[in-house]
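Before anything else, here's the structure in question.
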Amino acid sequence: MGSIELKSVEKWYGDAQVIKGIDLSIHEGEFLVFVGPSGCGKSTLLRMIGGLEDISRGTLEINGKDVTGHPPAKRGLAMVFQSYALYPHMSVWDNMAFGLKTAGAPKAEIQEKVDYAAQTLQLEPYLQRRPKDLSGGQRQRVAIGRSIVRDPTAFLFDEPLSNLDAALRVEMRHEIAKLHRSLQSTMIYVTHDQVEAMTLADRIVVLEFGKIAQVGTPRELYERPQNTFVAQFIGSPKMNLMSCTTQGGAYKLDGARGGSYDFTDNAIQIGVRPDHIAMGKVGTGQCDGVVDLIEYLGSDSFVIVDCGAVGRINVRCVGGTELDIGEKVGLSFDADKLSFFDKDGMRVS
Amino acid sequence: MQDNLNRPTAKTPMAKREERLAWGLLAPTLISVALVVVLPLVAIFWISFKPIELADLRPPTPIVKEALRGSAEKLRIEYRLRNSSRSEAIRDVKIVDELPLEVTLREPLPQSCALDKRQLTCSFERLEPGYNEKIIFPVTADNEDAAEEIVESSEPQVTGTADNILTNFEFTLENFARVFDGSQFISVLGVTLFYTVFGTIGALVVGLFAALLLDKSFRGQGILRGLYLFPYVAPVIAVAFSWLILFDPFSGSANALLIQMGVTDEAINFFGDRPLALIMVTVFEIWRYFPLSFLFILARMQSIDSEMYEAADMDGASPFQKFWYLSIPQLLGILSVLFLLRFIWTFNKFDDIFLLTGGNAGTRTLTVSVYEEAFAISNIGAGAAVAVVIFMCLVAFSLFFFRFISQEEGL
Amino acid sequence: DSLRFWTTEEQPERLAKQQEMAAQFKAETGTDVEVIPVSENDLGTRATAAFAAGDLPDVIYHTLQYALPWAEAGILDTDAATEVIADLGVDTFAPGAIAMAAYEDGTASVPVDGWTQMIVYRKDLFEEKGLAAPTTYANVEAALKELHNPPSMFGFVAATKVDENFMSQVLEHVFLANGVSPVSSDGFSPLDEAKTTDVLEFYKAIVEASPPGDLYWKQSRELYFSGNAAMIIWSPFILDELAGLRDSAPPTINDDPTSPALASKTGVVTNFAGPSNPDGAAWGDIRYFGITADADTDTAMDFVKYSMDQGYTQTLSIAPEGKFPVRRGTSENPTQFVDAWAKLPVGVDRKAPLGDLYAQDMIDEIVGGLDVAQRWGVKEGQLSLASKIINSQIINRVVRQYLDGDVSAADAVAAMNDELSQVE
Amino acid sequence: MIKLRRKAITSIFVGLVWTFVAATITAIALSFATGLPYKPDMVWIVIGGALAGFFVTHSRLAALASGAALAIAGMLGFGIVTSGDAAAVFTNSFTHLLSATIAVGGTYAITKVAPKGALSRHEFEEIIIRLLTAIGYVFFTAIVLIPFYVMVMTSFKNQSELVQNPLDFSLDLSKGWGLFRSYVELFADFNFGIYLANSMVISILTVFITLAFSIPGAYAVARLRFSGQAAFSRSILLIYMVPMIVLALPIYIAFSLTGLRNSIFGIILIYPVTTIPVALYMLQGYFRGLPGEIEEAGLMDGLSRLAVIWKITLPLSLPAIASVSLYVFMIAWNEFLLAFMLLDDPSKFTLTRGIASLNSSEIPRQHLMAGAVIATVPIMALFLGLERFMTKGLTAGSVKG
Amino acid sequence: MGSIELKSVEKWYGDAQVIKGIDLSIHEGEFLVFVGPSGCGKSTLLRMIGGLEDISRGTLEINGKDVTGHPPAKRGLAMVFQSYALYPHMSVWDNMAFGLKTAGAPKAEIQEKVDYAAQTLQLEPYLQRRPKDLSGGQRQRVAIGRSIVRDPTAFLFDEPLSNLDAALRVEMRHEIAKLHRSLQSTMIYVTHDQVEAMTLADRIVVLEFGKIAQVGTPRELYERPQNTFVAQFIGSPKMNLMSCTTQGGAYKLDGARGGSYDFTDNAIQIGVRPDHIAMGKVGTGQCDGVVDLIEYLGSDSFVIVDCGAVGRINVRCVGGTELDIGEKVGLSFDADKLSFFDKDGMRVS
């Protein structure tokens, strides 16, 4: 129980179309993450699933039942909001029990479910506190607890961690991952944080201006981005994109050298991640350049190499590097890891 | 602990500069507020212990009027000397005047007067209360008309000392005795409390209802919101008189309407009958001030995180449940703050009742009493005593208020 | 030079007339007169306040009730008034008017005009039912029985608004009719219980025949004008309005607010009698020019003299229907002003001499009232005490309590006597 | 209770209540507009309302039909409103059409949200809330508008028209400019021109003086650190709570003794002091909300504190200053007590004081109401034109009454 | 010109000491970064240097001159605020010119300097706009431009990039680095973002509760953290810390194996970064554990290994990993890269 099916779902605000026809099936028990730049419609889509926004066109099915027009309460979903949206005047216990109370559940059942959730989330010491007396992470846990007690068909999360500080974010991320493992419920998670998306998702949906740019596992997205948008959006620092021409089984960078090319289609752009570039002597590899900036990060250094007409290329050196600014280097790309894109920005494969 | 002991105590030059600037900026306000708020408050306490009537405000002064009267051998300069007070004597009164060259004295001066060159000086040891006498100097003049002009154009100077009831040290408790005397006080207090409590609660409840109506966005919402603020924004005198005319027992539309609809057979005297008048002024208060509560409650409502309601939607709460379990607790803070503030303001209210009923027909509140005592009956002392009572009540409220408000959202 | 002149005649038309006279005075003497309207209800407070502040006007046009209290409070310059009267000739004035304001050796203020209160009644209805004119308590009560038929017709519109001077006036009128007075020549004299009870019962009877609520001159006139009242007590100022000569107070008994129809249906009674005082009495009021203590005395005196002499007709013409001349003439022509007055047209928006509107017998009744005009304390020389008693509104309040059924008649009398005895 | 939560039953209830409201408002509105005796008829309200509520649920067509039925019944003499003038066919049909449309249309609009049959708790409550909302709008609009309507209309009538039928507010347009007679007289004979000018001058000066005092003060309280700052910001509220009547008495005495009573100068002296605490309170709230960093940027850019106030804080606070000015203007314009106590001479009256003097004698009522309109119109115009600032001003400062 | 010297600087708010005696000399032309957790006093310290907060005790010298009591205007410093703090009522041009105008500079000079700054920062097209009509990055540039025109002794930056989105942040970071290179002025920069600190700084000052935890170059901080606070604060994911005992030239992890130890002092904690751990067969290396979570990030994967009593240890695998959750592995630490800390948490070296 917990499959969700979106069929040509659209959302219009007046004349503006915000969600532009989305077809998506979400499998039972899946952890699905929506990512995309700000304003691309992630929250809107999630809220449409939850019933907080109405669906302008298209249908939504939960467990095979059309729920397009149903109010939120009838969809059996639970939502965790970015700002937690706890009831500030109620104790933690009451916050978690509220949904059950309004549904008129018997006292004993409420008690049992709330206690169970509190235990799972290690909230027992705080049950009598008000939300304002909790830390950010604890509040987030209460928000999750409030969802759990209702045994929902699926959980909806809207950037649940973005109000937490970095360290806490890592910790809560691990907890959510564990929660998913133990509950095995369907979870739909919105974030704009790549790390969260990559580490949590079974599948990631990348949205671009209300359309799906790509759906796939994190590895698919990283290794085989379907278009330049995904290619640049996923991965940090982002993938280097260079113009190229292809001819006769070989590609050639504009203004530099090239390599072999075994696709039939004509690619005009080549993408290579900073990880997949090796530095060598000038004249070796695909192109030459001058070291423009070295960013030392401890575990890695990123060397930004100015390759003239080819552009500025970011190269990762695991650990430190001995290079100096102004040094000339040659860059060679790992042939297996190259991505090629055609003039529409679509992957050529 | 060690650290605290180590705390630097001297003010840094920067802090000193800032402090000087702050006091400089505040000085004008401080001085004016002190002059117009603090000083009057002190004064009112002082006056409340004095047996003083409106007319006593005029310090006893000698008044002198000079005129050239009569003609020929009856020609005379008259100084009419009076004591302005009928209860206090004036001591050491001295009149000084210039005797014009155009006239010559015909008779020797009376004993109390002396002439030095042309300067005429008369002194009196004591002017009895209500003293009113003429001092006559028979004179001759060549041109009587011209002389009259000249004589009367030079004003005589008069000085004298008297006890001023405002500044002397005569005190009495009579004013307070008068205020607390008899059933009058109890009834006034009762009326004040009724008016204050129901006026405040009514305005809050009605305001809450109005805020609920407008807490959604639709076309025309802005217009309606503006409209609902009219009662508060319009001059009180305009709306009070409109109400009086609307509810006039003889030619008011309200009565005509009620009679026509068959609700009542006889005209109702809304602002003239006990206890209806009190209810009506309270209703007026509610009508006039619900916009304020409405404005505040609406502002608070719109600042409530809408995600909370969405969470409740997901939790399956019904509209009334949302109102009762979520909105009301969220509004409790602003409601109690509003209640306290409005309570104090309603308690202080004067204009409305004064204009509607003048405090008649059982609508006399403490503030109206101040006016009645001090101006209608001209007993300033008694008025001040009522004012002191009001002030003490307010001090009590304010203490309570600050106790409470410090825990509530700051206003 | 300039004078400040407070007047209670504050309607714009009347104000305009006074300003006109001020202008004439200025043309004559070069002295500016600023005519400042003050509403009658505020006059007492405002005068005291101005006295306290030392900025009294020069001349105040005021009613009888203030003359002596103000003289005593030092607000009025009685010497100046006395001198003005002497200059104009004491014998040109109606002696009663002078006597009412007698203060120490002179006069507190200069009397200007006067009027008497009247019972205005619907002659047509009285005749229809064969009722006698309401000249006595008994006649009024008899008429109430016949005519009181609310809400279309109220027998009477009594005064019940405690804080209105109107109620004091009406009550005093009714008390005087039965010969009851709270003052004697020795000062306060307790109200006679039996006589007062008669008065109270009578008053209760007319209040019961009145509409509910706080009533005063306004409702009396409105209801009478709309044909919903059979009797009211009012001043002669109503006479022009009755005839539809004033748009701001039109008779509404028929659709034509300018019709004199109501006037023709109306009768008046000035001399009113109670069971213990068969001769009856009329409540009269005299108005005065007071010269104040802060005045520019000579100029103020000139102004008053002017108003009472060259400008006197102008003064009376402000509202001839309610301003009967108190100064009858000059020493040369002893009836000069009376004659001029009779010819003055009344009315505001339309004009007509009174004689054209009412029958001569009614005019006689109206004017004759001044001869029997009375006030508490006038005869006894205790006007000032009586004024204080009236201003204290004790009688109004207690009577209202009695009317509301809060106290019995006997208790009411006792309460009044008790409280009044403390007035000094 | 659960059983009763069926759409049909709920609709009948809504029909009853709303039909009553519709009949009442139609009757009142038409009475006020024409002066004729319209009144709601309880019997037909109960019958018609219940039937309308019952039929309306079925379909839009049924709703239309029941509306028509109600209107026709009315014309036949069984209307929910008794027409004031049953003889006049046109008015009569208009009356019944109007009342039936409001009654049935409203009932339909209120109940249409819910499906037929048994209602869930949500749906039931939704209907009730819609009913309450509709009644709320009617109620509030009525209580707010009626007094103002009476005020304006009365000013156009004359005494006899008013006394004859207090309900008749229809305008006799044939009078043309004669309708404005009261206004003309007020300006011509009653010095309202002067009062208006006085009020204007006093209010505007009050605004300027208040700002001149309160801006530096508010800045100091909001931004500068000095000992006593906390106590200070609290006592501002305290000053707020001293009743005017308590202060008015000593002020009256002091002004009497110093000769300031009865002078516009005295009024201008005293009004700002009553508004300074309010303005101070409002402005300091606003200043606190201004980003401190911008001022600090000014300091880093080499300005002194005073220059920061003048060149940065003030331009940034213009909206708040506008709000405060409007609010202070309103207080000064509407002020009555002090003007009433301190002013005697008509040449010095403010508008409110002038209106008070209209009440005191036999001056006709339409003059009084015309005066009220003259005092109300400028403040209303300001309010409507600058609603945003005004509302802000009210919210920020006007816990005061 | 641009050296700044702090001598025992303290800051008290009432009874609370927020800055606890800081001695620091900032060299001319240096890029110095303050980092530290939220509330540690970074902003306060910066504002004290700028003159926006007064110095409760201690002295501040700029170019050898005591300026402790001077108002900001007299210190000749420029500041860039987190919220940009542009004057909203002035155009971009006026914003930049304002400081010069108040200083009474001649028109021509103002024009010249503003134009130069606008050119440097590519702001020329926007000079007539109001700040509200600019994007975040443009606003930030204006704020910097405003500082530049005044030729300040030093620049103070208070988290200047934290309001920008991730992509823009990277770009602006590069621009600031370039700006420093071209102006060669002293710059003091506050941030809580490690990446910014590491990449921009010549030297980093790590603050902890108002005290300096360590001052040094990024590499020093990363490789030789002076205490556990710095060790854990710098580097992401953070350094693994484990309890250990040392004896006779060898260390031993509590509950696991150990290795050689060549210090005389007694260390009780050992720190090793995720980069410096290799995974091998069970029983090899310093300890064994079970794979608990794998976070795939594309370029790297982080494997969290539950080592029982030793704790959860984070291991970096460059690129992907073939491990599965639940698999048992042995972890071996890179002996050169270990850090040891004594019982006060201080480095033992």
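Just so it is clear, A, B, C, D and E label the chains in written order, and each chain counts residues from 1 on its own.
Following the convention adopted for this analysis, contacts are C-beta pairs under 8 Å (C-beta built on N, C-alpha and C of every residue); 3 or more make two chains touch, one makes a residue touch a chain.
Chains and their UniProt names: A, E = Sulfate/thiosulfate import ATP-binding protein CysA; B = Sn-glycerol-3-phosphate transport system permease protein UgpA; D = Maltodextrin transport system permease protein MalD.
Not measured: the values here are computed from a predicted model.
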For subunit B and subunit E, chains touching each: A, D
Label of the chain whose CA centroid is most distant from the centroid of subunit D: E
Per-chain CA centroid nearest to the all-protein CA mean: D
Label of the chain whose CA centroid is most distant from the centroid of subunit A: C
For subunit A paired with subunit B, centre-to-centre distance based on mean C-alpha positions, whole Å: 67
Geometric centre distance via CA averages, subunit D-subunit A, whole Å: 52
Centre-to-centre distance between subunit D and subunit B (centres being mean Cα positions), rounded to whole Å: 25
Separation of mean Cα positions, subunit E and subunit C [Å, integer]: 94
Sites on subunit B at which at least two other chains make contact: 15, 57, 250-251, 318, 375
Residues of subunit E touching at least two other chains: 51, 71
Where subunit D touches two or more other chains, by residue: 122, 163, 256-257
In contact (per the touch rule at the top): chain pairs: A-B, A-E, B-C, B-D, B-E, C-D, D-E
In the complex with subunit C, residue positions of subunit B that touch it: 54-58, 63, 65, 67, 80, 82, 84-86, 130, 132, 152, 249-251, 265-267, 269, 272-273, 358, 360-361, 375-376, 378
Contact set on subunit E toward subunit A in their complex: 38, 165-167, 170, 174, 177-178, 195, 198-199, 218-219, 222-223, 234-238, 273-275, 293, 295-299, 304, 316, 318-320
Subunit C contact footprint on subunit D (complex, rising order): 158-160, 163-164, 185, 189-190, 255-257, 259, 261-262, 344-346, 357, 360-364
Residues of subunit E touching subunit B in the complex: 10, 12, 15, 17, 51, 54-57, 69, 71
Residues of subunit E defined as touching subunit D within the complex: 47, 50-52, 71-73, 77-79, 81-83, 85-89, 98-99, 102-103, 146, 150
